[in-house]
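Here the chain labels run A, B, C, D and E in written order, and each chain numbers its own residues starting at 1.
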Amino acid sequence: AAQEKSLTIFAAASMKNALDEIDAAYAAKNGVKITVSYAASSALARQIEQGAPADVFISADIDWMDYAIGKKTINEPSRVNLLGNSIVLIAPKDSKIDNVNIGPGFDLSRLAGDGRIATGDVKSVPAGKYAKAALQKLGSWQAAEQKFAMAVDVRAALTLVARGEAALGIVYSTDAKAEPGVKVVGTFPADSHPAIIYPVAATTTAKPQALNYLAFLRSTAAKTIFDKYGFKFLVSPST
Amino acid sequence: MSEISPAEWTAILLSLRVAIMATLVATPFGIGLAWLLARREFWGKSVLDALVHLPLVLPPVVTGYLLLLTFGRRGLVGAWLADNLGIVFAFRWTGAALACGIMSFPLLVRPIRLSIEAVDRRLEQASSTLGAAPWQVFATVTLPLALPGVLAGMVLGFAKAIGEFGATITFVSNIPGETQTISSAIYSLIQAPDGDAAAGRLVLISIVIAMGALIASEWFARRATKRLHGN
Amino acid sequence: MSEISPAEWTAILLSLRVAIMATLVATPFGIGLAWLLARREFWGKSVLDALVHLPLVLPPVVTGYLLLLTFGRRGLVGAWLADNLGIVFAFRWTGAALACGIMSFPLLVRPIRLSIEAVDRRLEQASSTLGAAPWQVFATVTLPLALPGVLAGMVLGFAKAIGEFGATITFVSNIPGETQTISSAIYSLIQAPDGDAAAGRLVLISIVIAMGALIASEWFARRATKRLHGN
Amino acid sequence: MLRVDVTKQLGEFSLEASFESQGRVTGLFGASGAGKTSLINMIAGLMRPDRGVIALDGETLDDTSAGVHVRPHRRRIGYVFQDARLFPHLDVRQNLDYGRRMNRLATDSAQLTRITDLLDIGGLLERRPGKLSGGERQRVALGRALLSKPRLLLLDEPLGSLDEGRKEEILPYLVRLRDEGIPMVYVSHDAAELRQLATQIVMLKHGRVTALGGVKVLT
Amino acid sequence: MLRVDVTKQLGEFSLEASFESQGRVTGLFGASGAGKTSLINMIAGLMRPDRGVIALDGETLDDTSAGVHVRPHRRRIGYVFQDARLFPHLDVRQNLDYGRRMNRLATDSAQLTRITDLLDIGGLLERRPGKLSGGERQRVALGRALLSKPRLLLLDEPLGSLDEGRKEEILPYLVRLRDEGIPMVYVSHDAAELRQLATQIVMLKHGRVTALGGVKVLT
């Protein structure tokens, strides 16, 4: 029975703050012990493929969820595209840059001047991928490409901006919100990039309790917490 | 500095267990291999030597991924070990120890090899004329005289095992209480915008652990040197 | 195996440049420090020793972060260097070399220290009775006799510098042509669902580079040993 | 009986020695660089002859044409090296006891006392080699070889660094050992020493045996 | 003139030696373990006395009460060690040349030839110490010290491992050196050797000077 009362969640590292709070609420309500392993989505997906004891997978992007589904390790019907996010342009708190209107043809390169633009790696880090897609759509990528400093994850990009090493950064609004050293100077239009989605799903080896947990993630209680951290709730909350 | 939380305690103790286990298990293999590399000529020696250094050359994530493919529950070796010997590395603390052991192996082997190479062969000859078989020569002369190198290797290996995180998190994930070491806990904390203070605290604890290991090893080394040089 | 792309070539050459630079610049400092630790007693020695090992103990990301705080353009030392000497590490390949040098420093120092400790002091005494001042003793007796350790340290350091990526990417991020080394390229590829094949190719290249360095060092070491033991 | 018939090339130096010795103590006499140490290294098995045969009491130790090479630790041949080669990590007592331990012999404390008394090293037992004087080191090395109870003893200038007084104490003891039947090969450049001890002389010069016979060959 | 008045404790062994020597060759005579090597180590500056004074030709080298300790490389005192201590990474020629290089003296190939001829090591110049015989090593060490042109030469049983023939060649050379005015301290347990060479004898026993004077004290 003790087995029944515990769940292991594999979650993208960028979800840590919000998810810790939600898990605490869930544990308090259901008496279920929640263990979360935070790592890169890529590592988690591959571990699940190799038989990791995960009940629930929360990915930071669609690609790795699709990868896991392709490997038949995910209970496909349980998949929900739970959360959304937006990407924003940030600058150090004391920067002169402010109120940038991000639209077609916006000249990011000139804005950066001789400074660097920090974001996640555009090949591998979801935030970086979205940033590149958006800039390409807006026609600003080519001119600015040389000025990018691609960080290992969003947190590192955020740090570069907060420390004033980079003049600008492109990160998730959730991260920008939590870092006092930066300010948001513009938001990328939602239609400039593929939808930013955090899918969740149970694994094929999940305990029955996992579905209950997934249901909780969709509840109003969870929504309140996710809202607090700036995530967009993409499903209609159940009570 | 605020209190250490129970979850942090768990990570600290796990790190110690993993690093100590990794170092203790790797040391005999390291000594054996160091001896082979120092004293034998054989076909494929360069390849073996390169293989030992591999975990140093590759990004840790790659090593972790290769471990996952090999020793994971569905991995080639992992499946066999689990089915036939009941040994499971996947997503267990033993897997973290395996990852740390492999990552620190090159650091362990080199100093030992260096010390074995420096042992005066005339003393080994003297030992053999007194009736010592090759393994006795090794156990009573070569190894004691190479002790400073063994200690240096163990310290480097232990320090590396405490700091290792890339291969570990890729291989056995970051499961609190099972595979979350101090280093991966620091990683998790750094991922959260408000985790810096807590991360800083864990960094200090890592440093204290490593200092302890260093001071202990210096103490042993000093004793060993005293023994060797007679004053 | 498909062709190596120009971008990959850039990363390979940059890796070589960074690793060679890091090793060459770190070696003299490593030798000096190893000598201090091996032969001098001074206040704060344990602290210095611990400091050297720190990059090994801490998760690389933490070291990278500390480097950013110190050597970033807004960092304590970084700002001073940039304003007064015009030396900039931030987002430059020199910064990658700095990160690699610091990460591999403990691996460089230990074997050298071990070898210096093993040098027979009676030979140093003989040298001084022949009129050699302390620095001459060091240059003509201690260092040549410690050569195997210097080589071992350089190889470990170089291998580590090739594989280093956590501290580098945190400190100078990943700018193709400027700071993107093989290791960070591999890391990026492995993070993408379809990057395994390309990553595998780069992994092979890393291995080849490291093998080359190893074989070269073995060759030097063999010569050195021959010189030392006279046969 | 010791039979040696070997050739060995060392750089430009060539050693070609052939002799048979029934003698209980074979004195190996020759100038510096004559090849004495190289020769007994081969008898000990530490160096392999390029070609030839070494046999002791009918047992073949080396025979290059038959591919025979008995390894040093199986020869039971004690060796007092020209440089003492004490184990620096063991104290004097452990150095003395080493051969007994390796051969798993019973402890023989009477013998230990006899030898430490003779060599006057009883007061040094707890000390490490690094803290011994040159002569003390040589005496411990002699004791260590004696205590390993070999069937043949090779002595490479064992009394070289000892004063007359000490020599005159130890030589008679070696004579007694000889008379008790332990065969020896004794390297020395001191003719007087050899006259007292050796029963047969092999004279080496530039790697060749130039004289062979009783102590009379030491003109 | 050499003045020594020192005490030194080494484990249980205590050395208390006081003597003055006008002699050009001071023979240091004593049994194994008497303290000879320890004493000349102090003269060379390799070991510091616990208390006392060492002075050479009016220059104070050690004076513990005044805190004076001239470091070995500034003493210009050559030392032939009991164990040869050749540099293993240098060949014989480089070993011989070492002192000259360190003291930045001009090359003196005549002197080099004279000494290599005398010691019969001319054929070994390209070889490394690992490939030398015991006696050859000792001869190279002797040559190395001589070629560093010291103002005082310490010799710790330099002829110990040499055969009679060789000794008889080298001793007269040392006598000549003595007569040319290079002062020496010569350690030996061979009274005959000392009688030929020494002009003054210091007899050591258990760390104490028991006799002092001309070669007559060597009864």
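Here, a residue touches a chain if its C-beta (ideal position, glycine included) is under 8 Å from a C-beta of that chain, and two chains touch if they have at least 3 such contacts.
A quick map from chain label to UniProt name: B, C = Molybdenum transport system permease; D, E = Molybdenum ABC transporter ATP-binding protein.
These figures come from a predicted structure and were not determined experimentally.
Colleague: Which chains lie in contact with each of subunit A and subunit B?
Modeller: A chain counts here if it touches both subunit A and subunit B, which gives C.
Colleague: Compared with subunit E, which chain's mean CA position is the farthest off?
Modeller: Computed centres place A farthest from subunit E.
Colleague: Find the chain most remote from subunit C, comparing centres computed as mean CA coordinates.
Modeller: For subunit C, the chain whose C-alpha mean is farthest off is D.
Colleague: Would you kindly tell me how far, in whole Å, the mean C-alpha position of subunit D lies from that of subunit C?
Modeller: 50
Colleague: So the centre of each chain is just the mean of its C-alpha atoms; given that, what is the distance between subunit B and subunit D in Å?
Modeller: From the centre of subunit B to the centre of subunit D is 45 Å.
Colleague: Determine the centre-to-centre distance between subunit D and subunit E, using the mean Cα coordinates as centres, and give it in whole Å.
Modeller: Each chain's C-alpha centroid was found; their separation is 29 Å.
Colleague: Report the inter-chain centroid distance for subunit B and subunit C in whole angstrom, where each centroid is the mean of the CA atoms.
Modeller: 20
Colleague: Among the residues of subunit E, pick out those that touch two or more other chains and give their numbers.
Modeller: Where subunit E meets two or more other chains at a single residue, that happens at 83, 127, 131.
Colleague: Send over the residues of subunit C in touch with two or more other chains.
Modeller: 61, 65, 166, 187, 190, 229
Colleague: Can you pull out the residues of subunit A that are in contact with at least two other chains?
Modeller: none
Colleague: What pairs of chains are touching here?
Modeller: Chain pairs that touch: A-B, A-C, B-C, B-D, C-E, D-E.
Colleague: Under the definition above, what is the set of subunit C residues touching subunit A in their complex?
Modeller: Those in contact with subunit A are residues 61, 65, 68-69, 72-75, 90-91, 166, 169-170, 172-175, 187-193, 195.
Colleague: In the complex of these two chains, what residues of subunit D are touching subunit E?
Modeller: 10-11, 30-33, 36-38, 82-83, 127, 131, 133-136, 139, 156-157, 160-166, 189-191
Colleague: Spell out the residues on subunit C that touch subunit E in their complex, using ranges where they run on.
Modeller: Its residues touching subunit E are 122-123, 125-134, 136-137, 140-141, 144-145, 227-231.
Colleague: Give every residue of subunit B touching subunit C within the complex, in rising order.
Modeller: 46, 49-50, 53-62, 65, 106-107, 110-111, 113-115, 117-118, 121, 148-149, 152, 155-156, 159-160, 162-163, 165-166, 183, 186-187, 190, 199, 203, 206-207, 209-211, 214-215, 218, 225, 229
Colleague: Please give the residue numbers of subunit A that touch subunit B in the complex, ascending.
Modeller: Counting only subunit A, the residues touching subunit B are 8, 10, 13-14, 16-17, 35-39, 43-44, 46-47, 49-53, 153, 155, 158, 175, 178-179.
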